[in-house]
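Look at the two complexes coming up: chain A is in both, with chain B in one and chain C in the other.
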Partner chain A sequence: MKRVLPLLVPLVALAVWEAAARLSHVSHELLPPPEKVAYRLWDGFAHGGMTGDLAASLLRELSGFVIGATGGVALGLLLGLSRPACRLLGPLFLGYRQVALFAWVPLLSMWFGGGEQGKVAFIALAAMAPSAVNTWRGTSALPHSYIELSRVLMFRPLDYVRFVALPGALPAILTGLRSSLIAAWLATVGAELFLDVAPGLGGRMNEGRETFQMDLVLASVVLLGLLGLTFSRLAVAAEKSLLKRRAA
Partner chain B sequence: MFALEITGVDRTFHVAGKPVPALRDISLSIREGEFVAIVGGSGCGKSTLLRLILGLDRPDRGEVRVGGQPVRGPGLDRGIVFQEHRLLPWLTAETNVAAALRRSGLDSAQRRQRVAEYLDLVGLTAFAKAWPAQLSGGMAQRVAIARALVNRPRFLLLDEPLGALDALTRLRLQAELARIVRHGGTTALLVTHDVDEAVFLADRLVVMQPHPGRISDVLTVDPAARRDRSSAVFLRVRDKVLGMLGVETEAVRAGAYETAA
Partner chain C sequence: MTIRRAVSRAIAGIAMPLLLLAAWSLIAREGWLPDQILPAPGVVLATLKEFIASGDLQDATLISLERVAKGFAAGAVAGLGFGAAIGLSPRLNRLFGPTFLGLAQVPLLAWMPVLILLVGIDEGLKVILIGIATFIPVVLNVAQGFRDVPPALREVGAVLLFDPWSMLTQIVLPAAVPSIFTGLREGLANAWQTVIAVEVFASSEGLGYLMAWGRQLFQLDLVLAVVVVLGVIGFALNWGLARLERRLDRWQVRPA
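Entry: the complex of A and B
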């Protein structure tokens, strides 16, 4: 029963979708039934170059994620460990968080262009914030007794980062990285939809919209969702195995 | 020359704008190789005094000298065991001890050898690879003792190191501590509120009183007292110190030690 329960809602949704497509007067062009979308998905991978689109999107996402998350963790460490840095950059960073992500699109496309660089920059910017916030919170919440211990053991700042700050904040950093991964995936689609057309799932959706192929649009949406879910699952599993030994 | 000289030290904290005198006019000298215990109720400034010796804090007045030099900050010549073991939970027992050797100047082979030596001293060789969460309270505290000693400090500072342990483990570790400290010939300063522990371990007892924290008495412990916790000489010293701390025992009240003391 416990295994079936999480599937219940998606199954009901699928049934409602099926019924709506069949029983309503909305044309299949606008609301294709699930099996047509599923077929389109299969067909896309078999003959339609969907694999290439998927690879292009994934590559873009991972590049942006790696750049953004690395920068985010570094910024978070700086904010969490250095009081002057926190005073100088903290308010600026919090202000930046108040600006909606898509508000950066015009600026980034001016700086980096609407091509690959602009897209990756946008994804990196989206991935940066969650890693930075969580790393910041994780490092500044470390107990004072560890700072005292580090002073007694004559740790240099880098020793402190290596032996105390990074491992101590690891649970928070991993939470941040997981959120960054999801944010990067969302931003990938955004970048592909709103910046220059290029191979990728977003591009495929645009194509579907322009040529009025709702099945293609929906197939892309389903694929995006499935991949997002996979990312989330993988990240949780990685987190668990990394933190396992401590709980013992 | 004294290993430690504290002269006329004052330390006042300010809590919500009001001065809290934690230490008032503390003077104390400890000889090389001596084992001194500070006893006193909580809040009489024992931890504050240790922090001054460690160089984690500065006195408002007076001076703390270690080996003739004024203390300017922490140093590997002073090791500390806190009440909670303060092991880093993401490092194994052996890497926790090894972390203390970061600034020792030893090469990696020497470090490995040194870590093994001190884990052996505290009897935890078999648990070198264990995580702190897998150790009992007593074992974790023994790792902390190894970590404090691994740099071969001239001074071992112990801030109620056994205070959080159960009674049986505490008794066992007291005997261990006596052996370990005498083995290395380290000068030791133990803070405790357990008078039995102080009498059992120390050559000399320093009694502190609170509000403001000050030294009220210093007494030398007859080495004979250490040999047997139920001997008359042990009980006499213990009851005397308890009396100084305001705990009257039946024997004191009955005047049993009037002539002997």
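Entry: the complex of A and C
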């Protein structure tokens, strides 16, 4: 019974959806039955170029994530470990954080264009902040005695970063990276929906919306949801294994 | 001593922004970058003044804030109810929890094409999307807060022979206040992000639209002026919430 319970709601929802699609007078373009959406998803991968869209979106997301998260961790380390840098850049960074993320889209699309560069720039910007904030928090929370100890051991600053700060702040940094990955995924969808048309899942959704193909739109939603789930699962698993290695 | 330290800290804090402003002025004056890429700070300021004088900026701000208020209110009320239900009842949680978590994995903006087909691009779209943006963090935090009431506190209630209602109002609810507040704060932040996103892409009014319009006309001064306004509003929101949180903190029940 315990195993069945979580499936109950989705099954009832599917049944209601199926019944509504079959019995109501709403056209199937606007309210496609579930099996049509499932078929569309399968067909998309089999003949419709969905694989290419998926690859394009993932590549875009990963490029933005790598650029943004690297920059974010570096900025966070700088803010957390160097007091002058924190005094100089901290307020500026916090000021930047007050501005809603999507407000940068018009600006970035002017500077980098609405094509690939503009999209990746926006994704990178979205991925930067969570990594920076968490790395900053994690490194500045390290006990002061660590610094004293590394002074006694005559660590060079880079050694301190490598052997003390990074491992010490690892849980916080990983939390930041995970949030960055989710932010980058949201930004990818946003960039693809709103900037220039290019291969990708967001573009595919736009096409579905413009041509009133709800089955295509919903198939993309399902795929985006599954990917989101995969990302967070993978991130949690990676986090666990890294932290385990640290403990060992 | 402490005053001097505070002053030196403040000077360090504004040094970098001032430096950037100086660099920006220099670039604009020397004409190193075209106006469509980076207009002079003075031009941005003049645009800001002009839009305030004409009242357009205030109108746009009010429209955006009104949308946030509507969507946030709807999302928060629904989120409090649903979050409390799945937080208090393990059975309801098994029933609805996984479905909710599954749907929450879909990036918020991906619902936009679906909603546009269903309800059009009018006010309803914005309020629903902002509502969902609020709902998700509120549910996650409220449910967690209700679930994580320290067992010691529950035992106190049991010893005092509290009926379920007193247990809820005197023990569970006060213990869950910090989580509820966290949820509402994250919800509000999400709502604010979402209104700008929706307005930039599908609106004919509001601050986000003002930016999209400025971009279409290649008036980057307008875009930057709105960025400044958004920064000020964001700051005010965070400052207000931080104050509220400090006040609520006195309330917090800490298990011994």
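Things to note:
Criterion: the second predicted complex is superposed on the first by the 218 of 248 C-alpha atoms of A that agree within 3 Å, B and C clash if a C-alpha of one lies under 4 Å from a C-alpha of the other, contacts with A are read in each partner's own complex, and residues count from 1 in each chain.
Definition applied: contacts are C-beta pairs under 8 Å (C-beta built on N, C-alpha and C of every residue); 3 or more make two chains touch, one makes a residue touch a chain.
Note that the coordinates shown come from a computational prediction; the quantities given were computed from them, not determined experimentally.
After superposition on chain A, the partners chain B and chain C are seen to fit next to each other with no clash. Judged by the touch definition given at the top, the superposed model places A:221 against chain C, while chain B stays out of reach.
Legend: residue contacts after superposition of the two complexes on their common chain; A:145 is shown touching chain B, with no touch to chain C.
Contacts of A:57 after superposition on the shared chain: neither chain B nor chain C is touched.
Greater residue coverage of chain A by touch, when chain B is weighed against chain C, goes to C. Looking at the shared chain after the overlay, A:155 reaches chain B, while chain C stays out of its contact range. Angle at the C-alpha centre of chain A formed with the centres of chain B and chain C, after superposition on chain A: 90°, rounded to the nearest 10. When both complexes are overlaid on chain A, the residue A:168 reaches chain B alone and has no touch with chain C.
Once chain A of one complex is fitted onto chain A of the other, the partner contacts of A:179 are absent, as it touches neither chain B nor chain C. Note on the superposed arrangement: chain B and chain C approach each other to a least C-alpha distance of 11 Å. Remark: chain A residues 2, 5-6, 8-10, 13, 30, 84, 87-92, 95, 97-107, 109-111, 185-186, 188-190, 193-194, 202, 205-206, 208-209, 212, 214, 217-218, 220-221, 224-226, 228-229, 232 touch chain C in the complex. Here chain A touches chain B in the complex through residues 145-146, 148-149, 151-156, 159, 163-164, 167-168, 170, 245-248, going by the rule given at the top.
Chain B makes touch with chain A in their complex at residues 54, 56, 73-76, 78-80, 82, 84, 86, 88-91, 99-100, 102-103, 131, 133-134. Residues 9, 12-17, 20, 36-37, 91, 94-99, 102-103, 105-114, 116-118, 192-193, 195-197, 200-201, 208, 211-212, 214-215, 218, 220, 223-224, 226-227, 230-232, 234-235, 238 of chain C are the ones that touch chain A when the two sit in their complex.
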